[in-house]
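In the two complexes below, subunit A is the common chain; its partner is subunit B in one and subunit C in the other.
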Partner chain A sequence: MSVPMIRLSNARKVYRLRRRMFAPTEELVALNNLSLDVAEGQTLGLVGESGCGKSTAVSVMLGLLRPDAGDVEIAGKKIGEMAVADRVRLIQPVFQNPNASLNPVKRIRSLIAQPLRLHGGEDEKRNVSHMMDLVGLPTRLADAHPAELSGGQRQRAAIARALILNPKVLICDEPTSALDVSVQAQIINLLLSLKKELGLTMVFVSHDLGVVEHLADRVAVMYLGEKIEEATTDTLFEAAQHPYTLALLAASLLPDPDIGLPKQTLGNAAADPFAVNKGCLFAPRCPIVQESCQHVAQSLRPVNDSLVRCDKA
Partner chain B sequence: MTDATAETTRASIWRKMRSNTGVVIGGTLLAIIVAIAVFAPLLSPHDPIAQDLTRRLLPPFWHDRSVPEHLLGTDHLGRDYLSRLLYGARVSLGVGLGVTFVSGVIGITLGLLAGYFGGRIDMVISFAITTRLSLPIVLVALAAVALGGASLVTLICVLGLLLWDRFAVVSRAAAQGLRHQEFIMGLHAIGAGLPRILFLEILPNMRATILVVVSLEVANVILLESALSFLGLGVRPPTPSWGLMISEGRDNILFDPWLIALPGTAICLLVLAVNLFGDGLRDIMGPAKR
Partner chain C sequence: MIETVLNIQNLRVSLPTDRGVLHAVRGIDLEIKPGQALCLVGESGCGKSLTAMSIMGLLPRYAKVTTDKFDLVGQDLTQKTQAKLAKMRGRDVAMIFQDPTSALNPTLTIGRQLTEGVMRSEGISRKEAEARAIELLERVGISNPAARLTQYPHGFSGGQRQRIMIASALMGQPRLLIADEPTTALDVTIQAQILQLLGELQSDLGLSMLLITHDLGVVAAIANEVAVMYAGRVAERGPAKDLFADPLHPYTRGLLAAIPVPGMTPRGSELPAIPGRVPGLIGPMAGCAFRDRCALSSPECGHDPVPQFKPGNNRFVECLRAGEAAP
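Coming up: the complex of A and B.
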């Protein structure tokens, strides 16, 4: 295999914070030696519940946050050593909330053109209308403010802005979760066709498993900053191994009202990033937990076609 | 296409301005006063500092003893009161705008830095704001004028260095609210530099708020200039300033009350105009209305 387009090797990011004034600082491990490889043209789905480090992983991949340890390489070059102009032309983000990711006082034309104005110099007008065509945005909206657009149109504008410098990598941080379901499908199909047309490598962060199944080639599941399972999309959705992945899959809603609400298997408590034990991080909530899980740290091991961080699976 | 749309936006703002009573009244008044200030030499019938001791304390036109040459009478040195009032608009407006500009630049820069970075920088700047709020303006101005001598430039510098707190507080709050928005992260991702993010991206988001603060500050400064001139700390005689005119008319308040009433009314009208205009503009440009 050639050099992967995106490679995180043992990236670690720790936040030190106080929960109360004068309380001793505590460490929150947002990324715990996360390693990811995404081959060129592939899409990696990154899933996990809120607070599991997905957004930190995004910031680290974009080069906006320097990991405490480990490396991030894009196209074989370390992102920390890359010039800003090179980085910008290589990797671009699409954010969750198109209401917040576009400056409300600017016009769509200048929002889309801004990366060009900062770095390009190519024919701006032609480029902007070309990008608007590409993402299916009527050119008459070029002089509108973001507030005058619908959520889906705003997300299209955000995608156009991200793609105007022809980056090789697109990092999508939950690009559909702020949108209506009908619009979600349009944006997903747009991303799929863009990926095919432009040969994009994508990382798709989401907690909507249905979307990930539709878009991703491989899926990595995160829990409290660790990758707990990684497999191809088909393998993961047919034969998930880790109890957390199984619980996530069981919790997703299916489009059939007769099935009713999915049964909760993990209890009502969310993951507590501070209550870190020596053993498996998932042990406090695990349905198949055993005595040894409390003490023995788990490491990733291959099970069938997957990488799984659990020795009981 | 750009021009057409820009024109329609401009046209709609213009339409909204004309239907807002505050903007119409305040704006008209303000425009008249600005015109007076600009064209004072053309409008004034006399030299504002030429004395004529034989014609002291002449009353204005509605009085029996009035002289047609001096429409609004003369002061205790026989200077034409109308000319002095017209020239006085220059001082009031000049000081008001000059001070607001200086304090605005200082306050907005500090506030944006504090709000955007937070942490230690915010602590230092917030402490500076608190320190500034605890300074009595008149006393500090007194000390500064005593050291630097009373002049228009000293006055503008001193007040500009003292009155930036409101700008700082407002822009700090706005920057705090915006710094975690995704578009800021997006700007980092396209490699935008700090000055661009602060002044070209965050600042335009708070122009409505800044506009209100500007109108409050201009009004405040005009009053303050009058007060300082009245105390002898501001504009030096014989430069005509409305505050100074009130101060000079003080001795004759009993028999010639117009000496105070006229410049007082002028100050009142100008402050009213600025406030009406600023309030109206805020209503029009408020983000909720767009």
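Coming up: the complex of A and C.
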């Protein structure tokens, strides 16, 4: 097997934070020995609730945050040892909110061309109109400001900017969450066709399981900094193993009134990222928790076709 | 027994802007029966939140609101003065918002925020108000409520804060609860719990609800009745089951088709997206607002008035070609 396009090996990131002013600093383990492999041309869906470390994982992959331990390799090269100029030609992000990620006083043309100007590239004008074509933005908008575009068009511009240096990897952090349903479908279609056309490797971070199921080849589920389950999309949606994955699936809402209110088996306790727990991090909310879960740390083990961090699954 | 908790006919909201008058809500009718949950669903800018705000009387003074009929729990609100409206607010109708973190005052204890309103509006003592607050906090699933009255909002998680907001809305024992995107800021597992709680309150207390959301999954989970809004009009309305099973308006059909459903939508297939974008609402508008994005549109769709149909079973649709299959 060839080298995976993205490889995280035991990446660990700890933040030292104060919960209140003057309180002593505490350690918050945002990523706990996260390992992920994404093969070239594949899409990995990364799901989990707020505070589970998705965004830290994204920053670590993009080389924007240095992990405290472990390695991140993109196309076989360690990202920490890469020059910025090489890194940005390999891996680019698309963020959730195009209103925040596009500078409102610049014109669309200049926003899309910015990576070219920073990192060198020839024939800016031709390149920009090519990119606008590729993402389905009418070229007449080249001289518009972001405020004149709709939300979907702004996200298209953000995608064009991410792709102008021809990266091999696109990291999408909730790219459709700020969009309306009808526009979300347009952006999903765009990402699907780009993936096919350009052979992009993608990491797709989302809390919307329906969207992840549609786009991803594999799915990794995170909980409080740990990967708790990973499987192919088929396996995960048909035979999820971890009680947290099952709870996520049960809680996701489908447009079908016959299903009624979602079944929710988790306790009212919220996930506490500061909690120092010898055993399973999910134990306080787990519907199938047993005495041993409180003090036996769980490790990933294969169950059927999944990797699952639970010995009761 | 009153027949409707809320009955609005021909609600119009317009806002002056630098570029002309923005007609945000362009004549909608809403009716909620006791104990029913009506969902207003639509995309950003369709006027769903302004509709809710106008029911609460929370719109800024420059907003122009007109109605032909505006009955709340059997009282005609068009005849009420501002002071009387303020009194009804919180007592007959209460509202919760999307983001519980910004809706709660971070510098006041939960107890103070829950009791302040009813102590003033009902003139009851702090002790009585606190007793009610404790009872309601318990009801919405906050453990050890008596001790938690003295805590500040930062001591609670997002889901707990939304529970507290719901308890606070229930303090005045309202007949109608308006919830504007109550679960949008929450994680999915917490969203499920809050929806469950709202469902229980509806059945246990006979609470009527007006739920505003953009998420058709939320609508399917909790709504009895659905009104789909587009560009300030109700495009389609009906019982949730019928509307999802057999959407009549091309916009409703488009919305439902655009959502990928695991196990139903083939993975990686192109989703039938609705092309184009929502029209601007400044200035006069003729004909159907959806016609530029509609696969079925014909020149007649630009004519006023757009035909309305009532195909039985409490359904309503405003479209010349309602129910026709896409080409």
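As a convention for this text, the second predicted complex is superposed on the first by the 311 of 313 C-alpha atoms of A that agree within 3 Å, B and C clash if a C-alpha of one lies under 4 Å from a C-alpha of the other, contacts with A are read in each partner's own complex, and residues count from 1 in each chain.
Convention: a contact is a pair of C-beta atoms (placed from the backbone, for glycine too) under 8 Å apart; a residue touches a chain by one contact, two chains touch by 3 or more.
Remember, it's a predicted structure, so these values are computed and weren't measured experimentally.
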Just from the overlay, do subunit B and subunit C fit on subunit A, or is there a clash?
fit
Hey, in the superposed model, what angle do you get at subunit A between subunit B and subunit C, Cα centres, nearest 10 degrees?
80
Looking at A:Ser2, would you say it contacts subunit B, subunit C, both, or neither? Reply first, second, both or neither.
neither
Is A:His119 contacted by the first partner subunit B, the second partner subunit C, both or neither?
first
First (subunit B), second (subunit C), both or neither: which does A:Ile188 touch?
second
Subunit A contact check, subunit B vs subunit C, more residues touched by chain C
In the overlaid three-chain picture, which partner chain does A:Ala147 touch, first (subunit B) or second (subunit C), both, or neither?
first
Would you check which partner chain A:Ala247 touches, where first means subunit B only, second means subunit C only, and both and neither mean what they say?
second
After superposition on the shared chain, which partner residues are touched by A:His207: those of subunit B (first), subunit C (second), both, or neither?
second
By how many Å are the closest C-alpha atoms of subunit B and subunit C apart after the superposition?
8
Quick check on the output: what are the common subunit A residues between the subunit B footprint and the subunit C footprint?
none
Interface with subunit C, subunit A side, in the complex: residues 49-50, 150-153, 180-186, 188-189, 192-193, 207, 209-211, 213-215, 233, 237, 247-248, 250-264, 266, 268, 270
Hey, which residues of subunit A end up touching subunit B in the complex?
59, 62, 64, 84-85, 87-88, 91-93, 95-97, 100-106, 109, 114-115, 118-119, 142-143, 145, 147, 158, 161, 165
So in the complex, the part of subunit C that touches subunit A is made up of which residues?
43-44, 141, 143, 157-160, 187-193, 195-196, 199, 214-223, 240-241, 244, 254-256, 258-263, 265, 267-275, 277-278
Touching residues of subunit B toward subunit A in the complex: what are they?
1-2, 5-6, 181-183, 185-186, 188-192, 201, 204-205, 207, 287, 290
